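Should a chain be cited, it is by its letter among A, B, C, D and E, assigned in written order, with residues numbered from 1 in that chain.
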Amino acid sequence: MSHTLTVEGLATHFHTRAGVVKAVDGVSFHVDRGEVLGLVGESGSGKTVTGFSLIGLVEPPGRIAAGRILFHGQDITALPEEELRQLRGNRIAMIFQDPMMTLNPVLRIDTQMMETVHAHAKVSNAEARARSRDALGMVGIPSPEERLSAYPHQFSGGMRQRVAIAIALLHRPELIIADEPTTALDVTIQAQILAEVQKLAREHGTALIWITHDLSVVAGLADRIAVMYAGRIVETGAVVDVLDAPLHPYTAGLIGSVPSRNKRGTRLRQIPGMTPQLINLPAGCAFRTRCASATAECEADPPETFPAFGRAVRCFHQQAEAS
Amino acid sequence: MSTTAGIAREETPFRRFTSEFAESPLAVLGLVIVVIVAVLALAAPFITPQNPYDLAQLDIMDGRLAPGSKSMDGLVFWLGTDDQGRDMLSGIIYGLRISLGVGVGSAIIAGVIGSALGLAAAYFGGKVETAIMRLVDLQLSFPAILVALMILAVLGKGVLNVMLALVLVEWARYARTARGAALVERRREYIEAAECLALPRWRLLAFHLLPNCMPPLIVIGTIQIARAITLEATLSFLGLGVPITEPSLGLLIANGYQYMLSGKYWISFYPGIALLVTIIAINLVGDQLRDVLNPRLKR
Amino acid sequence: MNEPVIEPVIELRGVSKRFGKHLDAAARLTRGLRRSLGATVPDQVVRAVDSVDLTIAKGEVVGLVGESGCGKSTIGRMVAGIMPPSDGQVVWKGRDITAMPLDAMRKATLAVQMIFQDPYASLNPRMRVEDIIGEAPRVHGMIPKGGGDDYIDAQMRRAGLDPAYKRRYPHQFSGGQRQRIGIARALAVQPEFLVCDEAVAALDVSIQAQILNLFMDLREQLDLTYLFISHDLGVVEHLSDRVVIMYLGRIVEEAPAEEIFARPNHPYTQALLSEVPRIDTRKRQFTAIKGEIPSPLNPPSGCHFHPRCPAAMAACREQAPVLREVAPGHRSACHLNAA
Amino acid sequence: MTTWIFRRLIQAIFVVLAMTVIVFIGVNVIGDPVEILISPQADQAERARAVIALGLDRPLWEQYGRFLWNAVQGDLGKSFVFNEPALRLIAQRMPATMELAVTAVLLSIVLGIPLGLYAGLRPNSFAGRSIMAGSIFGFSLPSFWVGLMLIMVFAVQLGWLPSTGRGQTATLFGVQWSFLTRDGLAHMLMPALNLSLGNIALVLRLTRAGARENMPMDYVKFARAKGLSPVRVVFVHVMKNITIPIVTVIGLEFGSTVAFAVVTESVFAWPGMGKLIIDSINVLDRPVIVAYLMMIVFLFITINLLVDLLYTVLDPRVRLESRE
Amino acid sequence: TMAMSSSPTSVDPHYHTFAPNETLGIHMYDRLIERDPLNNLIPGLALSWKLIDDSTWELKLRQGVKFHDGSAFTAADVAYTFARVPTVVNSPGSFSIYTKTVVAMETPDPYTVRMKTNGIYPLLPVDLTNVFIIPKNLGPNPATEEFNSGRNAAGTGAFRMVSYKQGERVELERNDAWWGSKPHWQHLTIRMIPNDGARTAALLAGDVQLIEFVPTADATRLRADKRVTLAEIASQRIVYLWLDRSRGGPTPFITGPNGEALTVNPLNDKRVRQALTIAINRPAIVERVMEGAAYAAGQFVAPGTWGHAPGLNPPTSDVARAKALLAEAGYPNGLRITLHGPNDRYVNDGKIIQAIGQMWSRIGVQTTVDAITWPNYIARANKQDFSAYLLAWGFGEATNPLRALVYTFSPAKGWGAVNRGRYSNPEFDGLVDRLMVTADEAQREKLVIEATRIAMEDVALIPLHLQQNIWAMRAGLAFVPRADEDTRVMDLRPAP
């Protein structure tokens, strides 16, 4: 069985003045063709760094310290930069969080799209332009031909994000990493983009890693979910399983604190304490300081356990089934 | 970005700033030189062998002596003398005093005036802003050196006149910077919060807006000091500037320049070195300040 | 469900806010020139808030929802008294704020405090926490100059902060803690009314719950009234008694919270509610309202929503609908209701 | 666009008015041109005749009014000293200054941008740090001092380059240019370098700062995520963003460069406007001073205009309110 | 190629009485009467001149002289020139000061000119050494601009103009038809390099062959440099100090020793003036400040020159006596004074006043020195703004300074025009009045010497030194230095 992407024990560390930031620390997961994996976690838990690691764009002082990233069985971490470059934007694409910042403000949309075509395909300018136009049409931008010669600032945030998605689609990639692409957008616009992404996975069989901190979005979009906390994946599983029956106390807390899961006007269930600092994090379960069921045992690293088919958890005190 | 909860030591912004500043050894060296120069300049009357501004202490018969020569009454001129028999060492230290005084003085005055106007323009907006900014545009559309030349031609020489000219030339830069910074800061929510707390306006301007506009002002301040010193030197070189009996470094260089070709290098070489070292040191400090105080370079 | 008729604390009466670019002489000259040549030159005016009427009763929590740029924050600012309206009146306990004598106005301003969205930008980075919290009470003579440490400690504790941290600077706190500092700062002047402008939007989900709980606790302890601005319908639903929906500077619908979530009347509200991702709806099919949010610089004629509305009629294009009661306490601005 | 032109025009008129008033008053305060110009042998009657000949016997406001009236008709008056129209005098001298200033600016671009880019992309490398340290010298050295040193070393000691003057010129569009001949270029090298030193440092630092600021931006990362080559990322994506502040600053500095040519020209005996203006200030040749300053104002406005136009090419976000 | 120290303002020889214009002019034009290097009159376009009655001078003109445009030089050209001089428009310094004494002119034949003056005017030949002759066929009112463009630039001189670039250079070509001895150089380029250092550097770098006004600081070094030769001569430019005599009450820049205001002007006391002049160590200034390029002066002209008063030597410095004189005058504790001077006009002007400041301080006159740029300075000096101040005066012959500097300021007469100190002495004025109506040379010299003695003894002004004029050229060339500061390339030839 070959997954589109398999990540094994990925660790990405930043060597800063203040110490080593273990932004990603032993992360393993996989995605299959046509599958949407939701990568959920709080701010600073290492989601974005994971995303960048996957396409080899971790910049100094960061570097991949351990692990393998197998793309169709080929280890990306071992590839020379030039071959990696040919993968990027071609077979693996990424969409960034902030639509206002991802497009170069001083280059026209067509330039930014066509250069992507040219980077991976030897085609004429006319052909590149045609492809760009089609991609714009695909993400639902009206009158794409005219819009091609516009500048990013003439677009609203939602449209820019759709341009970014169109750029990601140019080469029909096998894998798209979407890093919170709708966080900055309004509800109605978010819905438009989610609709397009869904269509994409369905129609092209593209594998999708959807990074977000919003459980509700994942609930509606993803097939499987991976919950990150302090650089580690604490729980994975099918969306239905994880959301209905979280095994890790952190997952449970997270779900519990969503307002609509609580009765109106009552106090929300909250996770006490704060998200931890990743600098010089001590060994052991990073969540134990906030965890109600923590014991002395938790000062050791909890191993990954597989309590059910397709599920994995790292916790000594897994929650009871159903909440 | 992510925050520290458990740091035991109290970290004031100032402490953070100093520790970041100290990261560049070159900048620290610059600061040390600036301090030494400042101390030399302040203590000039107590440490120089001669008061180079007192004509009665000079004797043209000692003029143009090479470094290390002795005067008629036994004084050793370590760096030689100029054409008036002025001890170069004393002259340089006094010159530093004038140059630094002019530079720092004008920068401070211009800074205060300019920042006040800039802040007012940003905070009050409307007509006040238009009026002030038009004035700034007007000022900035003339090259500094020309303005200074004209002013000094009108006012005549003198340390105060040079300072006045420099202030007139420089205030607009501060005003523009202050306004730019204030326009950004003014939109920040902490200003709205202060308004919401019904704090008096002056308090808002002085304790909330101003301190947060300081970093860019400090940066251009240091750079303007260096610029002012250079400009003063250039003006003195062009024959406008400070009085000839109280030469600044620039005037010392200009005086010695005539002797360049005749091999009496020390008359302009040593003041030149002093000027250079001072300006470079100030710029080193300014450079590092720019990096440390620039929020955009912060991760 | 009828609200008991109690005194409104704050009332907006036909309040509008326009933002225009200041035209200098040259710009006026060209505009005049163009006009004289017969060209139509639109004024560059943003109608951020357009004749809004809103009444908030004592002890109530009103949620204000709408998409980006629709004027939520502007309303919040006008309510908090830090931005004067262009038109209309802001009435505080029956008196027009703008017409008040200075002293009373200051009191009114102090009574309405604001909690801001950005926990990083809303605290002066150059002040210690104790000064951030203590400055206003000192200035207004609530505590003695230089003293009042106990008072400050009490405010910090009430907001869930350890007073041991009071000599620290904002950058030494996490986002959630900073938001608490902001809350303590507001509470320190003993307000009756809090405007929370997206107060939890920037926070992590787990921290968000902590702050929301704090708001609810404070409401009980201090009998506070809230204007709760958010684009997160889940949060608004959880917290508010009444919900007001805005679209492009106008109120399109207002109703008690349960009512509006159960029976949304305005097409926009309906679309909004259907698109909100919910944790309980799995693997759903997203569909989207067509079109983009129009620019407030150049809003569509008539009902602002008509270009995106599935049920738009001819009248919608020409005439702006007014708010009409469709059920007790439930008002909506849609021509469909008139038909 | 129209608004913008109006704005510039109004501003220019104000600047010119303010400037002329200042010059008239200033010259009046400094002294009497006749005293300076007239032969020392002249007696009182001759002095009085000269005062009348130059129109200096009238009250100041009348002189000013007369000047304004003539200026509106395009006549800025004749030089007291040369008895030629001030404008023509300046026009004759301008090419020399302009070519010097333009060469200086070109030098600063050609040297400043590559060095700055290198220092910006490799901020922690030895070379990057050295470039930055070196650039401090660029704007710390007073330019007159550098000029002298250049002459000392290259002309007097080594004899490689001619010391002063403009050298051979060739005619193009009816104007004499030095850059068209080898000899002229040789003469121009030192003064241009001297004049550009500060600008090189400035451009270098701006480029470096721009590179440092832009490299961590999302759009750069996105460009890389698209699989673009590093060369394209740096030279198309980053460069175009860096160019904007550089163009502004070079534009603004061009005016100062022209003005600062005063110093360089006097050190290198370069026969440009700078020397003319210094001489004119010295002898209080008011028409020339006024005409020169007007020229500078005009230059500033033109440059601002060019910069703004360039802006719209470089930075699409600034579109001069043309879309209405 | 030669380098000038300052730029001519025009090629028009009658536009502006300005030394650089003259330097340019002598290469292109001739005058009726020329000066030899020591300022004695020698024939120019006129071969001889004599008084034929009290008010008429007759000049015999040189024959066979041709203008550059080919026309022959005749008396009509002289008349034309004299008629043109006062009509030059906008002239900031008109040559009519040299021509206006000529009230009428007759040209009895093409080679004779008779000039009539108003009464006796012995100085007319001297005036004539300033007026360049231009050809009559330039037509009425030739415009200054046309000279600059080269169209009118036709003289009889040794060179003809090829091109003129204002402020930069003038290209000239030898006029082989010139009547004088043929210049060595076929082409002459005159470059303007006002910056002293740059000028010297240009010579050292070999860019130019001759430079004028060598700065004193460089002269020392150049003397030792094998690549160059110097030519030096004492000039007729006296550097001196004015003392304010225009005020009876307090003078603005003198106070008592502790800054207290005075009620009288101490400078009206001859003892004070004497103290000030003998306080100055002139040899020290000459040696240290001027680096030897000057001659200490106790009167206007150098020894050996016509009009030199024998025995009137530079006052020797004597601190003790100066102090005594001050005490005698009632200032035993000295005075405070501000000494003014320009800083950009004369050779080492700023340095000289500083040196004097040192010397005065030693006799108890605490001196502040203030050097000001020329425009400002001269305007204030003309308004008698200062108390003690430095100026210099260049003159052609000995009567000139007496008449212009020391004679009582009298606008009506046009005498004492530059008597800025407002010194006035009837006895002296009487002598000069007599002098100006005396034609006999010996008698005149006697009167000059007597008047000079009176002025110097009374310390009408404080003479400091006479400048030395220095030219420098590449080795292997020889140049005739001139007392009148003119630079004539005709006098530059390969060294024999």
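The rule we apply is simple: contacts are C-beta pairs under 8 Å (C-beta built on N, C-alpha and C of every residue); 3 or more make two chains touch, one makes a residue touch a chain.
Given the structure is predicted, the values throughout are model-derived calculations rather than measurements.
The chains other than chain D, kept where they are, remain one piece by touching.
Path length between chain A and chain C in the touching-chain graph (shortest route): 1. Following the contact convention of this document, C, D is the list of chains adjacent to both chain A and chain B. Distance from the centre of chain B peaks at A, each centre being the average of the chain's Cα atoms.
Mean C-alpha position of chain C lies 52 Å from that of chain D. Inter-chain spacing, taken between the CA centroids of chain C and chain E, is 86 Å. Centroid to centroid, with C-alpha atoms defining each point, chain D and chain E lie 38 Å apart. Computed from the mean C-alpha positions, the centre of chain B lies at a distance of 24 Å from the centre of chain D. Residues of chain E found to touch two or more other chains are 197, 201, 204, 344, 373, 375-376. Those residues of chain A in touch with two or more other chains are numbered 43, 274-275. Among all residues of chain B, those that touch two or more other chains are 2, 4-5, 153, 257, 260-261.
Chain B makes touch with chain D in their complex at residues 26, 134, 137-138, 140-146, 149-150, 153-154, 226, 230, 233-234, 237-238, 250, 253-254, 257, 260-261, 272, 275-276, 279-280, 283-284, 287, 296-297, 299.
Interface of chain D with chain A (complex): residues 216-219, 221-229, 232, 236-237, 240-241, 244, 314-317. Chain E makes touch with chain B in their complex at residues 196-197, 200-201, 204, 215, 217-218, 220-221, 284-285, 288-289, 343-344, 350-351, 354-355, 357-358, 361-362, 366-373, 375-376. Within the complex formed with chain E, the residues of chain B that make contact are 55-56, 58-61, 63-64, 83-85, 153, 156-157, 239-240, 243-245, 257-264. On the chain B side of its complex with chain C, the touching residues are 2-5, 7, 10-13, 125-126, 130, 188-190, 192-200, 203, 207-208, 211-212.
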